[in-house]
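Next come two complexes built around chain A: one with chain B, the other with chain C.
Moving on to the complex of A and B:
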């Protein structure tokens, strides 16, 4: 600890340079934290997928519908515990295309038992079961539009017009929460019976089924059995695990992971170079003093450690501040809830960030430190003579 | 004035000649700026390419008609009778055998992406025989066009590039139908290239669509005829439809994704630019600090403060331009023409496109580089000019 003062004084001798270096490290890690948050936002569906759940959809395309009667048939297949159907409603609030969110018609009783990640109080569940026009709304969505229980919400749907061209009206009976931080609570769920009776066409059709199996180890087998049951019917199915389904969805957008990693590499390479150069320069300028230190009896290892300590302190201060700010921003919630409903910085990314901070400190300091260590006293002292 | 310029020129040249002695820090600043430029150009070229693919094929004299209340082709339905009425509306160009209008059923099928093997939503469009004449810029580049009445399909060049199984001669099984892929067509790089086409009359029964269509594409007699055409179809009491110019419709359908990518790219590049600015400031401050005595000597010899400031600024600008040019060149080499396909959330379907590094993008990037160079040089330059001569001369 007694050498800390020495390191600190060295950092203070060019305050401007030290602060600028600190700031660039800070920016790099702020960017790192935010990019990790964005990546998580895109891939949240994959990491929260239930291991014991399957998605059954029309083989030709997700947008083609399946008969509602498939539900009972799926539940008769051995290994299936329960099946709930979802239908994409495409609801739009106040006729503003930007007021768009995920809205689905479901069977309320089965819905919450298959999706334990949505947490709903019992009284709200009962209210939904007894209100035909009732809707369960996720927390983020309720916050986005300032909705609360008891509100009556009119929605229009370009896919499912209501008989007689009227708007659909829903009564909010529940605001559900997510069981975990990465649970998407931007959904709007309402009852299938109300929907089926009101729609102008398409009675008896649903979008896809979410299936819970009795044994998570048998998902592949059960998926095959489901597809086989409907083979050669007018509505052939494609069944896959929820994880694979979500992964496929993300892949539709493109390889987001690869793009973000490419950007991050560019950022880190740049910062490494800029910081490394600054530290190297400040050590070069002190050649003479390092000579004096060595002449006073400082060991080679101690000199190495002093320089490394300096670079590590800069990396740590700047890096942790950047990660901290990114974390703080992610706490504030998504700036664009319509596109990225889930918005948080996962713990494992914070760990990676910390490792990178330490790595950056050592990497930027090691060359100048080795140079200082190998410096010969006589040469160093004579430099300006 | 001439004297001032001569002073500026001589100090700047002197400075630049000594860059070699500070190559480490000069390189760091230049690389920092090139990183910003590369990321900026790289990310925004995605948005540019996507927008270009969506809008390039929408000439002003082609109209698109959808059902009222539909937000895209997927959610629109038109009956045979409505289609007939639209075809006879004023402003629609006519060929000897009927109006230049094509009523088109439109569905989505799943095909695996060539790059990842995972399923993607690919649009399958049924067209009538006027379709190619309506679009105008369509030509078959491999194989041949499908024959009317047969289970044959042709794939757009972008779709063929992006999705597995879209090769000429390949038989594609979709649901319970088999399709022979007989040709690949190009549509001038536009939206149609991401689609698969077949005969409308074959597609309808295959997808239980009866006599219904999703949209009507019509070539107008001229771009000016659009207003009359729109008024005629929207005021006809037998029709509940809306009409768009095809180009405007496509532009509107690409706003969400291009807006998102642009916002994202500018955000990332701004943060990086901040980091690079700190790097440039550091470099120029140390450049000035290392030359304290030289600058003081020059000032003692009678050089003005202006040329000293100007010379430091110029050096920083030169570094920024070199770095920016390198970054822009790297981004151009790496990204221009890069083939990709992504999901357009507004249509829920895949769009195949190429990244486009446009001249405008490069110009903007160079402006960013110059701005960073200017700011990075300005403050060190002012410090250089303000150093007290007597003290600086004594500095060791």
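Moving on to the complex of A and C:
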């Protein structure tokens, strides 16, 4: 620590240059943090997918429906523990397209047993079972619209008009939470019996089935068995793991991970050059001072450490400030919950960010530090003379 | 620290050759010199005669191509870079023509620099710095930046930095070369006081006969060789 003032004084030598370098590192790590948050928002469904769950959908397309009777048949297939149907509703609140969110009709009796990631109090679950128009909404969605239990919510659906062209009306009986931080709590779930009776067409059809298998090691085998059971029928199925199903949705947007890596690689490569050049220039300007330090008895290794300390402090101050702000922004919740319902900076990405900060500090300082280390005293002092 | 016969510095048949591309420049050839403990030696000679090179070899800042350099009981030309750095920190004080203070540090912080390499505590370092600045008469300017000090004052800070670790040997490379006559005289008086009152052995490179007159002995370098006579 006794050398700290020496390092700090050198950083203060050209305040503007140091400030701009700090700013560039800060922006790079802020971007890193926010992009990681966005990536998590897109891929949360993939990472939260149950290893023992399969999704059974129509072989042709997800938009084509399956008979509700398939549920019983699927549950008779060896290896299947439970099958629960979902139907995409595409609900819109107050007829405003921007008030769009994920809304689904489900079987309330079985829904939460196959989805332990959604946490619902027992009394709210009982209320849902006893209320035909009842809906369970996620905490994120409830906060977004300021909904609370007891509110009556009118929704319209461009896919599923109601008989008589009226709006669908739902009574909020539950606000569920996520078992984990990255659980999506932006969903709106309501009862299938109410939906099936009220829709203008498509009676007896469901969107897809979520299937829980008895043994997670047998998902491939069970998936094949399900598809085989419905082969050559009017509604052939395609069964895949929940993770693959969620990944398919993410890839409709693009390979988020690859896009993220490409952007960040460009940013960090630029920062590496900018910061490295700044440190190198700063050391070049101090050649004779480094010669003096060595003449006074500072060893080569100590000089190397002092230069590396300088680059590391710049990377640490800028990097941690950027990561910190990204984390702070993520605490405020999603700015666009309709698109990015899960919005937080995962701890794993914070650790990666810290490693990048430390790596940047070393990488940007190593070349000028080695140059300073190998500087010959007589040569350095001769420059001034 | 002397080698037994009162000699502190013994340079034996030293050669120093610099290479510039394929060209060899022989700066010192077959040079030998002994400096007794407590002597104030002036080293004179024309530009390019090898004065600073010799000073660098004695101070362990550079390595001789051939020959041996002994200071006290230690042969410094065969030490590793790390050993020479540690040796310099313990035994040598350096005073430069252009002071070579770090502009971002105050006078006291500049003086403290060599003490950072010692195991002294912060309060001990502070006490040493205050003593050194008192010796050079700059106690009242310790918190000043080098930019706010005159040339003579900056050189006093440089001398305080050189003596703060209480080294045996002071090596001064044209310490008055950048000063006016009055400030130069003050610095020379200070060096004399360090010899007389603190027993320092001083080797001073200078162009100035007025400065060399303050030394106890003057030797001349010409074309890499020592003479006792001033070269024509």
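Here is the rule we use: the second predicted complex is superposed on the first by the 385 of 385 C-alpha atoms of A that agree within 3 Å, B and C clash if a C-alpha of one lies under 4 Å from a C-alpha of the other, contacts with A are read in each partner's own complex, and residues count from 1 in each chain.
As a convention for this text, a residue touches a chain if its C-beta (ideal position, glycine included) is under 8 Å from a C-beta of that chain, and two chains touch if they have at least 3 such contacts.
This is a predicted model, so every value here is computed, not measured.
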(message) Let me test your reading of the model: by the given contact rule, A:331 touches which partner, first (chain B), second (chain C), both or neither?
(response) neither
(request) Figure out whether A:378 sits in contact with chain B (first) or chain C (second), or with both, or with neither. (result) second
(message) Let me test your reading of the model: by the given contact rule, A:149 touches which partner, first (chain B), second (chain C), both or neither?
(response) neither
(request) Give one of first, second, both or neither to describe whether A:13 is in contact with chain B, with chain C, with both, or with none. (result) second
(request) Figure out whether A:159 sits in contact with chain B (first) or chain C (second), or with both, or with neither. (result) first
(request) Could you say whether A:362 touches chain B, chain C, both of them, or neither, answering first, second, both or neither? (result) neither
(request) Return the chain, chain B or chain C, that is in touch with more residues of chain A. (result) B
(request) Considering only touches as defined above, state whether A:300 meets chain B (first), chain C (second), both or neither. (result) second
(request) Determine where on chain A the residues touched by chain B overlap those touched by chain C, and list them. (result) 384
(message) Touching residues of chain A toward chain C in the complex: what are they?
(response) 2-3, 5-6, 9-10, 12-13, 288-289, 292-301, 376-378, 381, 384-385
(message) Touching residues of chain A toward chain B in the complex: what are they?
(response) 16-17, 20-21, 23-24, 27-28, 30-31, 34-35, 38, 59-64, 90, 92, 97, 156, 158-159, 161, 232, 234, 236, 238, 247-248, 251-255, 262-263, 266-267, 269-271, 273-274, 276-278, 280-281, 336, 339, 384
(message) Using the touch definition from the top, list the residues of chain C that touch chain A in their complex.
(response) 52-53, 56, 59, 61-62, 81-82, 85-90, 94, 96-98, 100, 102-105, 109, 113-114, 116-117, 122, 161
(message) Looking at the complex, which residues from chain B come into contact with chain A?
(response) 24-25, 27-29, 31-32, 35-36, 38-39, 42-43, 69-72, 74-75, 107-110, 113, 115-116, 118-121, 174-176, 256, 260, 264, 268, 271-272, 274-276, 278-279, 281-283, 285-286, 340-343, 348, 350, 396
